[in-house]
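Next up: the structures, one after another.
What follows is subunit A paired twice: with subunit B in the first complex and subunit C in the second.
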Partner chain A sequence: MDFGPFLLLATMEGLVMAAVLALTAVGLSLVFGVMRVVNVAHGEFFMLGAVLAWFVTASVPGPPALGFAAALVVCPLIVGGIAALADRAILKRLDYDPEATIVATIGLLYIFQQAALSLYGPDARPVQAPFDWRLQFPWFGYSGYKLAVVAAAALLLLGVRQLLVRSRIGLVMRATQYDRETATAFGIDVDRVYALVFALGAALAAVAAVLIVPIQQAHYLMGGDPLLLSFIVVIIGGLGSLRGTVLAAVLIGLSDGIVSVFFSPTLAKILATLLVALVLVFRPQGLFGQRAA
Partner chain B sequence: MTGHRGAILGLHLGVIGVLAALYFVLPAYHVSNLARIMVLSVFAMGYNIAFGYTGLLSLGHALFFASGLYATGTLVQLAGWPAGPGLLAGIAGGALAALAVGLLALRTTGVAFMIVTLMFAQAGYLLILYFGPLTRGDEGYVIDRASRVVAGLDLSDDRTRYFAALALFALALLACLALVRSPTGRVLVAMRENAERSRMLGYDPFRYRLIGLVASGLLAGASGAAYGLMFGYVGATFASIQYSILPLLWVLLGGAGTVLGPFLGTLVMFYLVDLSSSVTTAHLMVVGLALLALVLFARKGLLGSLRERALPWLP
Partner chain C sequence: MKDIPITRTPSRRGLLKGIAAGTGTLAAAGAFPGFIQAQSSEPIRLGFQLHRTGIGAAYGRWYERTAQAALQVLNDAGGINGRPVEILFEDDGTDPKRGAEVVEKLATQGRCDAVFGALFSNVVVGSAPRAGELRIPYLVCSEGHHVASGITNRWTLQPGITDVKSQVQAMAPWVAANLGKKVTMVFPDYAFGYDHRDFFTAAMEAQGGEVVELIAIPPTETSFTRHLPRIPSETEVLYHVMVGPAVLTFVKELGEFYGTGDHPEIFGFIDSLEAVDIAGPGLEFLEGTHFWEGHPRCLQPGASEHETFYRAAVGVDDNGASVSDAREVSTYAHMFSAWETLFVIKAGMEAAGYQGPDDRQAFVEAIEAMTEMPLSREHPQGDKVFNGRTHQVFGHQHISKVAEGRLEVVHTTSIEDGLYPDEVDYTTQPF
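Now for the complex of A and B:
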């Protein structure tokens, strides 16, 4: 293949990655933005979504599309429920102290990993794509499903934005993020908002995982990469800014896709991790400010 | 404080003495475990200097351990250095890695510091994988028996290894004790308690935090270098995030900011996993539940609670 088509392929792969990454990272960003909790177990919510998707599609009879649709609805609900429980049982009792919650979510990370390993096993298992359709370019054929993932992620992100900006519950979330004390004074049940936000963040990661699982198999250790990349995206994008997070996801997804195709995936990750460390050191407002990327 | 000087010295020398005596009492399996625990608890002691005394919650200490491990491993096994200079290079490697990370990461505090150290450690882990043809990545490589002789002592021999581990442990323990009782150690604690007030008193927080972090990295590197030579294996797993979490867990369990806490935490956790493996293979679950239980019910750890209730003089 020539350079041009090769670059096109790399760009499309990067876009798919960016789409999934944006969903996962928005979940992480929402939790940090509203609750000021660094959720180290976020990648495990992603993994749980993928593993549950395998269980759901395997147990629903009929065409693969039906099972996949069921997974798309059921998995985020279950994962969101688990997250809400974890918030109520653990994070709330720690009073959302930053250091304690980090240690607690590390504990959750190990518990989820072990649960998946014990109940699901150490194998990576595939989930069939809901449809099998190929887009034929002059140089190569490309999976239509991957393009559908990009479209679905874009729709979902738009939905999250509408939820935050237009709905009452979105307003309550933003009020809590802005000033917890005042929100309480205005009769907002902050505990419920926190449980809801934590569940919503986890559900977003789970949806992203269900979307990616026909492309990348479900495995109990698959949560590491999305966690790391979400951190990178959220930090570079600037917290509290949905637009910044999505922009950074596209930037990181595309450059990761392109560097991975032309050089090596490991090199791409080394560059991204070092970039994030330096952003944090020299532009700390990227972490705590409202500045868009 | 000075009134308890005898008790403090006696307690710590007593622990070292008991460990020496245990070699003659315990069966071979536990002797080998204990040697491993002593070396790893030097890593935990290093972590404790940063986290327990200076108040720096790092999520990247695997980088310092791995720097020691890989500096020694590479020089001894791949470049053919003798083990003695290799060991020293490993110790220096841990301190230098901490200096480099500290110069950048200490410009941040709190959550940002945790993430920056996590990212640097991850970059280090990925670098080891990137140079796979040399480091053999996750699979790792073995250091030959013949190259594991330091000053005529063959570290692959069980008895030599046990007492070498004990010597390293004793040195690290007494050095920690001396450090935290020294004026510098007091300033480190002041940084943990209130950095602004210490700055007002004329102590530069950046400088003292850097001292704490480098001392911490030096011990982590020493532990890594010794681990490589004593157990003869070098692999990328030791650079992974799990090895940044484990010292945090050990220190939290034993008691952050206590001199003996890291050793106690390493010992208890090691045997908790070891004993639970006869009941279940779910090691990760044990680690996860231990972290949750500690953070929910016993923030101060074993020795921290003991100091609070009964022994206020415990260093």
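Now for the complex of A and C:
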């Protein structure tokens, strides 16, 4: 294939990856930014979203688009609910101690994974895409749904930004992130904010998973890759910085797409890891993170 | 009114009495086994290393069903040497490290006479050394070339399914003659894929063809579109073999990539679509493409009575799906190996006059002495020839074409097509 079309395909693949990665990583970054919790179970919330999407689409009759629309609404709500419950039942009782919450979320990771294995089974199951539209370029064909994923992710990210910047609840979240004690003194129910943030972070991962599941398949072990990549993105972008996270996701997604098309996927992973190492050495707060006071 | 507790907590004295009595009985049983149960009527215990979870789970479920069905047939016909047979299934998570632990657990805690059933080559390669150390017969159903290549040991045998080297060598002439001579290969980037790469490349060159591009896909990959532009436009045949949870994605993306445009002839290993409904959404693109099948998924006209018996016993319909759920497609091309291996174990144990673990060596020697395995209820996939020196069996392979969502066999290879010179002689190795 000629260089031009080759690059076009690589870029589109990279954008799809970047879109999903940005959604997932923003969830992780939000939880860390506001709560100072390193959520190791984040990838499992992603997996739960995908697995639930399979259940929802399988139980909704009618055209695939209807089931998919239902999954897009229901799955993030359920996963967010589970996350809020986990926050109230576990993280709050640990008083959000950084070390204890890491161990607790590792425990959650195994619980979710084994629950999915028991209730959903070990198979990879496909979810049908809501529409079967295909772009035929002169050199190759491309799934129209994949491009729709990029658009949907961009809209969702815009929504999250509006929520944080324009809404009252966003203001409360930012206030809690800035100074927990002062926020409490001003009458903000910090416990509720924490539960909400944890739920929102998990719901973002779940939405990303619902979007990706017609491209990949739902499988109980699928949470590992998104977790690792989200950490890479969040470290490069700067923990707690939304703008940094999104930019880093686009950077990692595009470079992964292009490098793995022209060279090899392994080299793409090597480069991403190397970038993390360089960022940690020369700019530990990340490209857009604020230096800790 | 106060509730009266129904269950009583056992008193300390009662507990001690119970333990003493229990230990006494156990000790007596151990000291005089002959009085408790005659040696010859005790069940033969076989361990099954099962991919119940992990990336091999779809195979595992059907291997378990096939083994259960074969066990039923075996026991109904009087078991082995008149003794009933039990199978202990143990999940290895399709993980090599866990695989070795499972072999150990089945051998020591399970007190099994032999272990069989592993499919994934990484598990087989990871477990075979431990089986050798424990001196327990280890019969694999893996189609990898590792047994016949000589890297395993005298305790490891593959009597139920032909290895990849033989499969690709047998089919290459048909591919070169009917599909094309310039081949691009897409295969997983580990041992199983390398078997395909090396042996098919060699077999194709022997036919005057050439492999124009090799595309190795890392096993963790979940999206494949970005690899597809590497397929050169001069390609006449695209050869694909993929395994794991993402295989369906691979085939769908291949369809998206070529779409309505021209595409090369496509020849795949059914491994890419085991347990997947070939008439499912997004797979229309497969119509007219060809697949290797170890055992034809769809019932073919003129199938033997043994074939229909086997299909009914396992519970598979004429389209290769479960009789209880038409959406649940089997791993038909591979799972016969679990059935046939169990009957090889029976034949081997009966030939060796097997009594217990002391006769394990005689059992392995009895299998090594086997040669012809005729088409029969015990070998429903077809007749086979076993090579005792390389511990590998050789059978017929099928090439099927997708027509109206069904796999129709268009060519069946002979056993001779798949024979190659020995690379090892295990019979000269010590036990």
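Methods note: the second predicted complex is superposed on the first by the 287 of 293 C-alpha atoms of A that agree within 3 Å, B and C clash if a C-alpha of one lies under 4 Å from a C-alpha of the other, contacts with A are read in each partner's own complex, and residues count from 1 in each chain.
In this section, a contact is a pair of C-beta atoms (placed from the backbone, for glycine too) under 8 Å apart; a residue touches a chain by one contact, two chains touch by 3 or more.
Since we're looking at a predicted model, the values are computed, not measured.
Participant: What is the contact status of A:Ala277 with respect to subunit B (first) and subunit C (second): first, second, both, or neither?
Facilitator: In the superposition, A:Ala277 contacts subunit B only.
Participant: After lining up the shared chain so the two structures overlap, which partner does A:Thr266 touch, if you call subunit B first and subunit C second: first, second, both or neither?
Facilitator: both
Participant: Look at A:Phe131 in the shared chain and tell me whether it touches subunit B only, subunit C only, both, or neither; answer first, second, both or neither.
Facilitator: Touch status of A:Phe131: no partner.
Participant: Is A:Ile235 touching the first partner subunit B, the second partner subunit C, both, or neither of them?
Facilitator: After superposing on A, A:Ile235 lies in contact with subunit B but is clear of subunit C.
Participant: So in the superposed three-chain picture, is A:Leu117 touching just subunit B, just subunit C, both, or none of them (first/second/both/neither)?
Facilitator: both
Participant: Name the contact category of A:Tyr96: first (subunit B only), second (subunit C only), both, or neither.
Facilitator: In the superposition, A:Tyr96 touches no partner, neither subunit B nor subunit C.
Participant: Same subunit A residues contacting subunit B and subunit C, which ones?
Facilitator: Common to the two interfaces on subunit A: residues 117, 266.
Participant: With touch defined as at the start, can you tell me which subunit C residues reach subunit A in the complex?
Facilitator: Of all residues in subunit C, those touching subunit A are 52-55, 57-58, 60, 218, 220-223, 225-230, 233, 244-246, 248-249, 253, 256-261, 275, 280-282.
Participant: Using the touch definition from the top, list the residues of subunit A that touch subunit C in their complex.
Facilitator: On the subunit A side, the touching residues are 1, 5-6, 9-10, 13, 16-17, 117, 121-124, 126, 128, 132, 134, 136, 140-143, 215-217, 219, 221-222, 225, 257, 260-261, 265-266.
Participant: Of all residues in subunit A, which touch subunit B in the complex?
Facilitator: Interface residues on subunit A, with respect to subunit B: 38, 90, 93-94, 98-100, 102-104, 106-111, 113-115, 117-118, 224, 228, 231-232, 235, 264, 266-267, 269-270, 273-274, 276-278, 280-282, 284, 287.
Participant: Can you tell me which positions in subunit B touch subunit A when the two form their complex?
Facilitator: 57, 59, 104-105, 107-108, 110-112, 114-116, 118-120, 122-123, 126-127, 129-130, 241, 245, 248, 252, 282-285, 287-292, 294-296, 299
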